[in-house]
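Going by the order they are written in, the chains are A, B and C; count residues from 1 in each one.
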Amino acid sequence: MSFVDDPPIAADPAAGVATQVDAARPDLVTGDRPASASQGTVQVRTEAFEGPFDLLLHLILKDEVDLYEVNLSTIVDAYLAEVERMDLCDLESATEFLLIAATLVELKCRRLLPVDDSVDLDEELGFWEERDLLLSRLLECKTFKDAAKVFEQLAERAALSAPRRAGMEERFLDLTPDLLSGVKPEMLRRAFLRVASAKPEPTVDLFHVTAVKASVSDAIAEFVRDLPAKGRVTFRTLTSGHTERVEVVVRFLAVLELFKQGMIEIEQPGAFGDLTVEWIAGESDVNDALAGADLYEG
Amino acid sequence: MHHPEDPNPTAPEGPAFDDTAFDDTAFDDTVIDLTEPSTDPLTEASRAIEAIVMVATDPIPEQLLAQLVELPVVTVRAICADLANQYLAEGRGFQFVEVAGGWRYQSHPAQAPYVERFALEGQTARLSGAALETLAIVAYKQPISRGQVSAIRGVNADGVLRTLEQRGYICEVGRDDGPGQAILLGTTDIFCERLGLGSPDDLPALGDFVPSAAVVEALEQTLRVDDHPGGDADASADHAAEA
Amino acid sequence: MHHPEDPNPTAPEGPAFDDTAFDDTAFDDTVIDLTEPSTDPLTEASRAIEAIVMVATDPIPEQLLAQLVELPVVTVRAICADLANQYLAEGRGFQFVEVAGGWRYQSHPAQAPYVERFALEGQTARLSGAALETLAIVAYKQPISRGQVSAIRGVNADGVLRTLEQRGYICEVGRDDGPGQAILLGTTDIFCERLGLGSPDDLPALGDFVPSAAVVEALEQTLRVDDHPGGDADASADHAAEA
């Protein structure tokens, strides 16, 4: 999921989101790290953001001057917009990004809505746990990030010295044992394949997961098709046929996206009440809505 | 032309070259005590160690040196440290250093521009940010499974780990006892060489990298559950009471 | 043991002496100021020559040294002779000698018994994993240049290649047509003999092998002598951008 070939955010049709994100992350377009491997660099697949923690840390800590001014809404929006832009090519990474998106969105909802005392205590504790887990994982990630910086400095410093590798003088060579004793041609073949073979395609372990179609743009398309005819409908109804968490998450993201674009109205009778969704946009806006979301490949 | 006597016993003719351009008095200061060159076993061992490490292609562990010169490891260690200091004091263009569990000769960092000019081919590739972070996780958490690395990074780390393995920085060091018997990974000597470490123990303590209070607070503030505009002390108090 | 002041100007502390606990300030001085290398150009050149010859795998001609340190050949010749005399006077276990048209370090003949012991006992009788991989690359992709082998392996393979060459398993088989006229390596008859092969063609087939990007890039790359400095500059630029 390299961003190298992505159009700049400003060109993104989802301008409503884009402007906000752009302001929050002026460095995203120019890239604050090399997105492509330079000549001679280890050919690790470089991604603009190495995972959801990386992205979230960046969003929260990017501007250390304003550490205390960080606004959760801005961060959630920027995070969702970034996830939206990504070409999430495998379900595994998509799920991680989306699960954290779900936690963030829930966090944001808590801030916006009054606390409901009647809420299920187990659920409440569950959410606290999730939030604390996210926090500790972020701290762990940050710890290793900082350690990696020191690794880089150590490697740079070490690279200033070249080791002596000239080896034995000719007259001693006869004394050394035959290095090829015991080496079989097959060992050479395996050694060659080990060092020269392409990495296997990133595979998703589908052993326990049936292929889940999780695409925000598909969900948007589905809503754009179905919602105008349905009138007011609850989010629960919209997701009733979907048991996979990631499917519910992408539909929730789709609802947020449509809301942002002014296509739908959202109502919630009280904290943790059922979300009600109503289509309010005209026919002409539909294409914009569809163009506004990048694909999540499930 | 003054020719210093070679203190190495049974030494044949020294350098195949006489030079008159240099002031021969310059050598008088550097000549060490030549009165009893070969009777001192420490001096003898020191020379043997210089010779052995000079022809070695990899760092030589003190244990092996001790075995070859037939002296205790502690003595060998002292000799090696002394040699390192001698070259340093003399301002040599090379160093004698302990890297990846052994001693080796290497060029002095200050001479890097000249060495780079000379060694044009096959420079070691730079490590990407992802590779460095993954390497840090393996280095500090070893032995660790691929799945655990991925969990910490929040993304599938298999590709990066495979590259690091191909480069020889990490390798399989065992199997997990658990039902899956997951492969456990650890760092290699090549990793130590790349970072200029005597051993992984020479890494700075992971505790040194625990995020600062400001960072922790920023994360907590941002991800706190209750939103009290202004995020004042009340919020923290509420938070504490509720938690 | 005293810690003498390092007379190498602007040199960072060498890893072997960095036995203090890591602290934040330890990493602040990683950038070496190269603007004022030395007060004395002869001393500076002498150090550079020590460094270059130390890391070289073959004897270095005076002409090349002169070019690298930007001094006349006669001066370089005098410096080399002086270095040779210094090591002799200090009773080092190694020598600095002119052989085969160039200067190199080698073990002092008086230390031969220790070096022989090391050759017999100290070395593993098996090829290391890295050596086996390097040999496999040459065997399957011959003729191939040193630079290409290093590019595929991602680390400098010169030392390993030299060992394989010294053992007679690989040798120079030609020159590249390109501007650099890089030396091309291939396997020898000894190699085939030891492995019981009639010719390198008898090596086990690779099957439906998909080469990695590094291999494709390394083999497609036009061989250029100057491809290192450019690549390095790019890497530094990237690094600067990243920092």
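One rule holds in what follows: contacts are C-beta pairs under 8 Å (C-beta built on N, C-alpha and C of every residue); 3 or more make two chains touch, one makes a residue touch a chain.
Note that the structure is predicted; figures quoted are calculated from it, not measured.
Enquirer: Report the chain whose CA-based centre is farthest from the CA-based centre of subunit A.
Expert: C
Enquirer: Using the mean of all protein Cα atoms as the middle point, what chain has its own Cα mean nearest that point?
Expert: So the chain sitting closest to the middle is B.
Enquirer: Approximately how many whole Å separate the CA-defined centres of subunit A and subunit B?
Expert: Centres of subunit A and subunit B (C-alpha means) sit 35 Å apart.
Enquirer: From the C-alpha centre of subunit B to that of subunit C, how far is it in Å?
Expert: Averaging C-alpha atoms per chain gives centres 18 Å apart.
Enquirer: I'd like the Å distance between the centres of subunit A and subunit C, where a centre is the mean of that chain's Cα atoms.
Expert: 42
Enquirer: Quick check on subunit C: which residues sit in contact with 2+ other chains?
Expert: Subunit C, residues with two or more chain partners: 12, 14-15, 22, 32, 51, 54-56, 105-107, 115, 129, 151, 153-154, 158-160, 163, 231-232, 235, 238, 242.
Enquirer: Residues of subunit A that contact two or more other chains, please.
Expert: Residues 33, 38, 40-43, 150, 157-158, 160-169, 172, 194-195, 199 of subunit A touch two or more partner chains.
Enquirer: Which positions of subunit B touch subunit C when the two form their complex?
Expert: On the subunit B side, the touching residues are 3-4, 6-12, 14-19, 21-22, 26-27, 30-32, 34, 37, 43, 46-52, 54-57, 60, 64, 67-69, 78, 81-82, 84-85, 88-99, 105-126, 129, 166-168, 190, 196-198, 204-205, 208.
Enquirer: Looking at the complex, which residues from subunit C come into contact with subunit A?
Expert: Listed in rising order, the residues of subunit C that touch subunit A are 12, 14-15, 22, 27, 30, 32, 51, 54-58, 104-107, 115-116, 119-120, 123, 125-127, 129, 131-133, 135-137, 139-140, 151-154, 158-160, 162-163, 166-167, 169, 191, 194-197, 202-204, 206, 209-215, 227, 230-232, 234-235, 237-238, 241-242.
Enquirer: In their complex, what parts of subunit A are in touch with subunit B?
Expert: 33, 37-38, 40-47, 50-54, 60-61, 64, 67-68, 70, 72, 75, 90, 92-93, 96, 100, 107, 110-112, 115, 127-128, 131, 134-135, 137-152, 154-155, 157-169, 172, 194-195, 199, 202
Enquirer: Quick one: which bits of subunit A touch subunit C in the complex? Just the residue numbers, please.
Expert: 31-34, 38-43, 150, 153, 156-158, 160-170, 172-173, 175-189, 191-199
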